[in-house]
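Across the two complexes that follow, subunit A remains constant while its partner is subunit B and subsequently subunit C.
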Partner chain A sequence: MAKILKQRNIISLLILIAIVFPFLTKNEYFIHVMTLSFIWMIGVYGLNLLAGYTGYLSLAHAGFFAIGAYSLGILTVKAEMNFWLAFLLSLLITGILGFLIGLIALRTKEHFFAIYTLCVGYIIYLVIDKWDSLTEGVRGLIGIPAPGKAGPINFEEPLSQYYLVLFFLLVTVLIVYRIIHSLSGRTYIAIRNSEDLALTIGISTMKNKLSVFVLSTIFAGLSGALYASFIRFIGPDIGQISVTFDLLTYLLVGGIGTLSGPIVGTVLIVWLSQELQFLQDYRMLIFGPVLTLLVIFYPRGIVGALTGWKHKRDEKRKPQAARASSMAFGKSQVTVDKPVKEG
Partner chain B sequence: MLKLQNVSVKYGSFTAIENLKIEVEEGQIVVLLGANGAGKSTAFKAISGLKKPSSGEIFFQGTPISRRTADKIVQLGIVQCPEGRHLFPAMSVYENLKMGAFVHRRKKDEIKKSMSHVFELFPILKEKQHDPAGSLSGGQQQMLAIGRALMSKPKLMMLDEPSVGLAPLIVEQMFEVIKTINKEGTTILLAEQNANAALKIADKGYVFENGSVVLQGTSNELFSNDEVRKAYIGA
Partner chain C sequence: MEIFVQQMFNGLTIGSVYALVALGLTLVYGILHIPNFAHGALYMMGGYITLTMMTNFGLHYWLAILVSILAVGLIGVLMERLVFHPLRHAPPIHDKIAAIGILLFLEAFAQYVWGADYQTMPSPYDQVVHLFGLTFTMQRLLIIVFAIAVMILLYVFLKKTFIGATIIAMSQDREGANLVGINTNRTAMLTFLISGGLASIACSLAAPINLVFPGMGQLVILKAFVIIILGGMGSIPGAILGGYILGFSESLGATYISNDYKDIIAFVLLVIILSVKPTGLFAKGGH
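Let's turn to the complex of A and B:
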C-alpha cells in the first residue's frame, strides 16, 4: 500500500488513466472538460514551481496565461501567421515579458511580492481590456485556429486535441520532475527554506529566482496558448484575478510543493464544479469553507496529506527517524519541507 | 587576510555596530566575544555580504568586498556558519553537504574529496548521511553546519556561536575539530559567549559591547584580564 502511494506511481497511474480515458467514455463533453483540465494543470505546474518550490506566491499568473493566449490569438488571427510559429513565439513573448516583470517584482519578498504581482496581474488585464486596436477589447478575439493538420493527424478533432494537450501536459510534468530532482530544484527549495542561508552557501538567489519566475510564466503562457487554440475565442476575462485564484485553489487542494498535486487538485475541483453546476455560484458556499479547512489542517493538500500519512506509517516501523517529522524548521506551515525524493 | 576598516552597520536608524576595526591574519583563530546583542552576528553578516555596511570598508586579501553580493563572497573563499545552525532540515545529511559545495558544483571529484574529508572529521555524519538533517541531535546538527561550510573549501571560515546549547563534552569536541580545521590551513573567525572554551584555542580576541570593540588582545591577555574574567568566564 505504501508503495502505491509513491508520487511517481501515482503519476504513472494517472497518465495511464488519461491515455485510456477517451476509450472509457464516448461522451464528447467529458473529453472536452478533461482537455480543459489538462490545460489548467500546465498553468498550475508553473505556479507550483514558483509558489510551491521556491516560496514566491505570484498572483500575476492569470496575466501571463492571458499573454500567452493573446499572443497566439493576435499572431494567428491578425498577423495570419503559421500556427506553430505563432505558438512558439507566444511562449517566447510570455517568457520575455516574464523576465522583465520578474526583474522588478523579485526585488520584493513575501507578502509584498504577492501584492506587487497582484497589481501586475491587474495591469495586464487592463491593458488587454483597453487596448482595443490590438486585442479587440471586450469584444474578444474570434476565430483563433486550431493547430490544423500535422501529417495524418487533424487537430480540429476533439480526440486529437485531447491527446495534443495531454502530450504538452506530460512534457510539462517531465520537465518539472527533472528540475525538482536536479541541483536547480534543490536550489529553489533552499531559497524557500531561507534566502539568507542560500546566499550563505554561495547561491545567487536573484539569478535562480529570476530563472524560476520566467519558467513559471512560460508554463502559464503555454497553458494560455493551448487554451486559445482549444476554445478558439478569448476575451479579457481570462486574465482576471479570479483565474489566478482558481489556479491557486487547484494547487492548494492538490498539494502545493508536491509533484502530483497540480493534477489531483485540478481534476478534483474541475469535476466537482461540473457536478455541482446546478448550485450555480452557491458552489462557493461549499468550496470556501472546505478550502479554508484544508489549508489549516493539510497545508500541503491532498497529496501532502497522503504522503504525510505514509511517512507516519513508515516511521512507526523505524522509530529512530520519527523525530524528523516533528522538527519543523520551515518559515511557515506551507513551506515546511518534506523530502523531495518522495516525488 | 581580513580587515574591517571603520565598519558601521545600521538596521534602519538603529546603529548595530559602529566604527569597527578588526584584523585577522592568515592561519589565525580570532574570536569575537560579547554578550547577547553586542553585534557579533551583525559583524559576520557584514563580512559575508548579507548586510551592507553603511560606512567603512572590508578587505579580503587586499580586495575591497563590501559591495559584492553574498554569493560572490563565498566564491572568494569566505564562508559563514550562521548562528542557530541553520540547515535544510528535510534534505538528507548528504544533500546538505552537497549543497555546501554549491560554488564547486561542476567539480565532481573535488566534491567527493571534500565530502570524505568532512566524514573523516565527523564520522557520525557518514553514519547518518541518509537521514534527514532535521532528525539529528543538536551537536550533530552543529557538526553538519560546520561540515557544510567546509564543503565550499573556504580560506576563511566564520563560526557564529558554535557552542551555544551544547553539552560541555560536545563543546570540547567541537573546539577540538575547529582547531584541527585551522591546522589544516583554514583561517577561523569565531563569535562566542563561551569565552573560556574559545580563548583556549584562539590566537587573539576582540571584546564587543553595544556594537563597538571595548577591548582587544592576545588570548592570554584577555584570559588574564579581570573584566573579561568577570563578564565572560565567571571566575
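Let's turn to the complex of A and C:
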C-alpha cells in the first residue's frame, strides 16, 4: 500500500488525470476553468519560490503578472509582432524589470520588503491605468491573438490551449522541483531560516535572492502572458492588489513552502469559487477568515498538514531499529518541508 | 500665489487625516512590530459605522463618531485577541498574511452589508467660509482643528498618564516592560483600541469631503505605510510630521505636476527613500 502511494506514482497519476481530463468531461466550461487554474498555478509557483522558500513576501506579483500580460498584448496588438516572438519578449521584459526592481527591493527586509513591493505593485497598476497612449488605460486591450501555430499544431481551440497551458505548467513544476532539490534550493531555504547565518557561512545572499526574485517574476510574467492569450482581453484590473491576494490565498490554502501546495490550493479554491458563484463578490467573507485561521492553526496549508501528519504516523509505526535508517532518508524531506522559520 | 496658499490649506487638511491614520499604524507597529495591513479596513469600517449611525439611527454627527470610535476600537481589540495574540511567536510573514486575511474579510463584509456603491456622508458643517482670501468649507477647517486636538490629547495621554507610559515602555522593550510589572496583554489591547479609534476618527472626519465605499481604505493604508517609513517605524512625532509632508507634497503635486499622477507621488517618494535607506529614514539602530 505504502509503495503505491510513493511520490513518483502520485505525480504520474496526477499528470495522467490532467491529460485525460478533457476526455472525461465534454463540458467546455470545465475545461475553460481548468485551463485558467493552470495559468494561476504558474503564478502561484513563482510566488511560492520567493515567499515560501526564500521567506520574502512579495506583494507586487499581480504587477508582474500584468507586465507579462500587457507586454504580450501590446507587442501583438499594437506592434503586430509574431505571437511566439512576442511571447518570448514578454518573458524577457518581465525578467528585466524584475531584475531592476529586485536590485533595489531586495536591499530591504521583512516588513519593509512587503511594504516596498506593495507600493511597487501599486505603481505598476497606476502606470498601466493612466498611460493611455500605450495601454489604452481603463478601456483595456482588446483582440489579443491566441497562440499562433507552432509547427502543425494550431492553438485556436480550447482543447489545444488546455494542453499548451498544461505543458507550461509541467515545465514550471519541473523547474521548481529541480531548483528546490538542488544546491540553490537549499541556499534559498537557508536564507529563509536565517539570513545572517547564511551570510556567515559564505552564501552570497544578495545574488541568490536576486536570482530567485527574477525567476519568480518570470513565472508571474509567464502566467500573465498565457492569461492574456487565453482570455484575449486585458484591463488594468489584473494588476490590482486583489490579484496578489488571490495568488496568496491559493498558496496559503495549498501550503506555502511546499512543492504541491500551489496545485492543491489553486484547484481547490478555483473550483470552490465556481461552486459558490452566487457569492462571487462576497467570497472573501469566507476566504478571508480561512486565510487567517489557516495561518494560525495550519501555517503550512493542506499539504503541510498532511505531510506533517504522515511523518508523525510513520514515526509511530516504525520499530525503533528501523528508525535510524529512515531518518537519513526522511531528512531531505524534512529540510525541504520545514515550516517557515523566523528570519 | 492664491492658488499656492489654497493648496497649502488643502495639504493641511489631507495631511491631518493621513497623520491620524499613520499614528494608529505606528502605535501598533511600535508595540507588536506588526505592519497591520488591516488598518485600512478599520478606517473604512469607521466611515461606514458613522454613516449608518447618522442615516439609519438619526444620531448627530458627533455622537455617531463616538459610537464609531468605540465600535472600531472594539474590532481592533478583537483582532489583537483572536489573531495577533496567538501569532505573537510566529515568523513575521504569518502576521502579514493574517492581517491581509482580515482586510479581505472586512472589505467583503462592508460590501455585503452596505453594498458596493459610493455613498456620501452628510455633514452639518458644509457651510462655505471666506477667510483671508481663502475659500473653504467648515468641514475642512474642522478636520484640521479636530485632528490637531486629538494629536495633542494623544501626546498628553502617552507622556503624562501612567497608562500611556506603559504603552511607551512596551514599545521600547516588551520584555523589560513585562519585568517591571506591566501587563503587556492589556497594553497591547489598549493600543489596538486607540489605533482603531484613531482610524475611525480620521475616516469620519474625511468622509464628508470624500466618498464612502468598501475599497476606500486601500489607498489610505498604503500612504500611511509610506508615512511611517518616512517618519521611522514606531515613531509618533515621525508619523505626524510624515503625514503633513505627504499631505503637502500631494496637494502641491496635484496642482503643479499632474492631477492624474498625484497618488503616485507617495509611492515614488517611498521607493526613493527605501532605495537610499533600506530601513527607512530615522531608523533606530540595527535590527
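In this section, the second predicted complex is superposed on the first by the 306 of 343 C-alpha atoms of A that agree within 3 Å, B and C clash if a C-alpha of one lies under 4 Å from a C-alpha of the other, contacts with A are read in each partner's own complex, and residues count from 1 in each chain.
Basically, contacts are C-beta pairs under 8 Å (C-beta built on N, C-alpha and C of every residue); 3 or more make two chains touch, one makes a residue touch a chain.
Keep in mind the model is a prediction, meaning the values are calculated, not measured.
Student: Once the structures are superposed on A, label A:123 by its partner contacts, choosing first (subunit B), second (subunit C), both or neither.
Tutor: second
Student: Looking at the overlay, does A:96 come into contact with subunit B only (first), subunit C only (second), both, or neither?
Tutor: Neither partner.
Student: Which of the two partners, first being subunit B and second being subunit C, lies in contact with A:204: first, second, both, or neither?
Tutor: first
Student: Of the partners subunit B and subunit C, which touch A:189 in the superposed model: first, second, both, neither?
Tutor: Touch status of A:189: first partner only.
Student: Kindly classify A:15 by the partners it touches after superposition: subunit B alone (first), subunit C alone (second), both, or neither?
Tutor: neither
Student: For the three-chain arrangement built by superposition, which of subunit B and subunit C touches the greater number of subunit A residues?
Tutor: For subunit A, the partner with the higher number of touched residues is C.
Student: Between subunit B (first) and subunit C (second), which does A:33 come into contact with in this model arrangement: first, second, both, or neither?
Tutor: Touch partners of A:33: none, neither subunit B nor subunit C.
Student: Please write out, lowest number first, the residues of subunit A touched by both subunit B and subunit C across the two complexes.
Tutor: In subunit A, residues 339-340 are touched by subunit B and also by subunit C.
Student: Within the complex, which stretch of subunit A touches subunit B?
Tutor: For this pair, the touching residues of subunit A are 183, 186-187, 189-190, 193-194, 196-197, 199-206, 320-321, 323-324, 327-330, 336-340.
Student: Would you tell me which residues of subunit C are touching subunit A in their complex?
Tutor: Where subunit C meets subunit A, its residues are 33, 35, 83, 86-87, 90-94, 96-98, 100-109, 111-112, 116, 218, 222, 225-226, 229, 233, 260-261, 263-264, 266-268, 270-271, 274-275, 278-280, 287.
Student: So in the complex, which bits of subunit A are touching subunit C?
Tutor: For this pair, the touching residues of subunit A are 51, 55, 57, 104, 107-112, 114-116, 118-120, 122-123, 126-127, 130, 241, 245, 248-249, 252, 281-285, 287-293, 295-296, 299, 339-343.
Student: Considering the complex alone, what residue numbers of subunit B touch subunit A?
Tutor: For this pair, the touching residues of subunit B are 48-50, 69-71, 74-75, 79-80, 82, 86-92, 95, 99-100, 102-103, 105, 131-132, 134-135, 148-149, 152.
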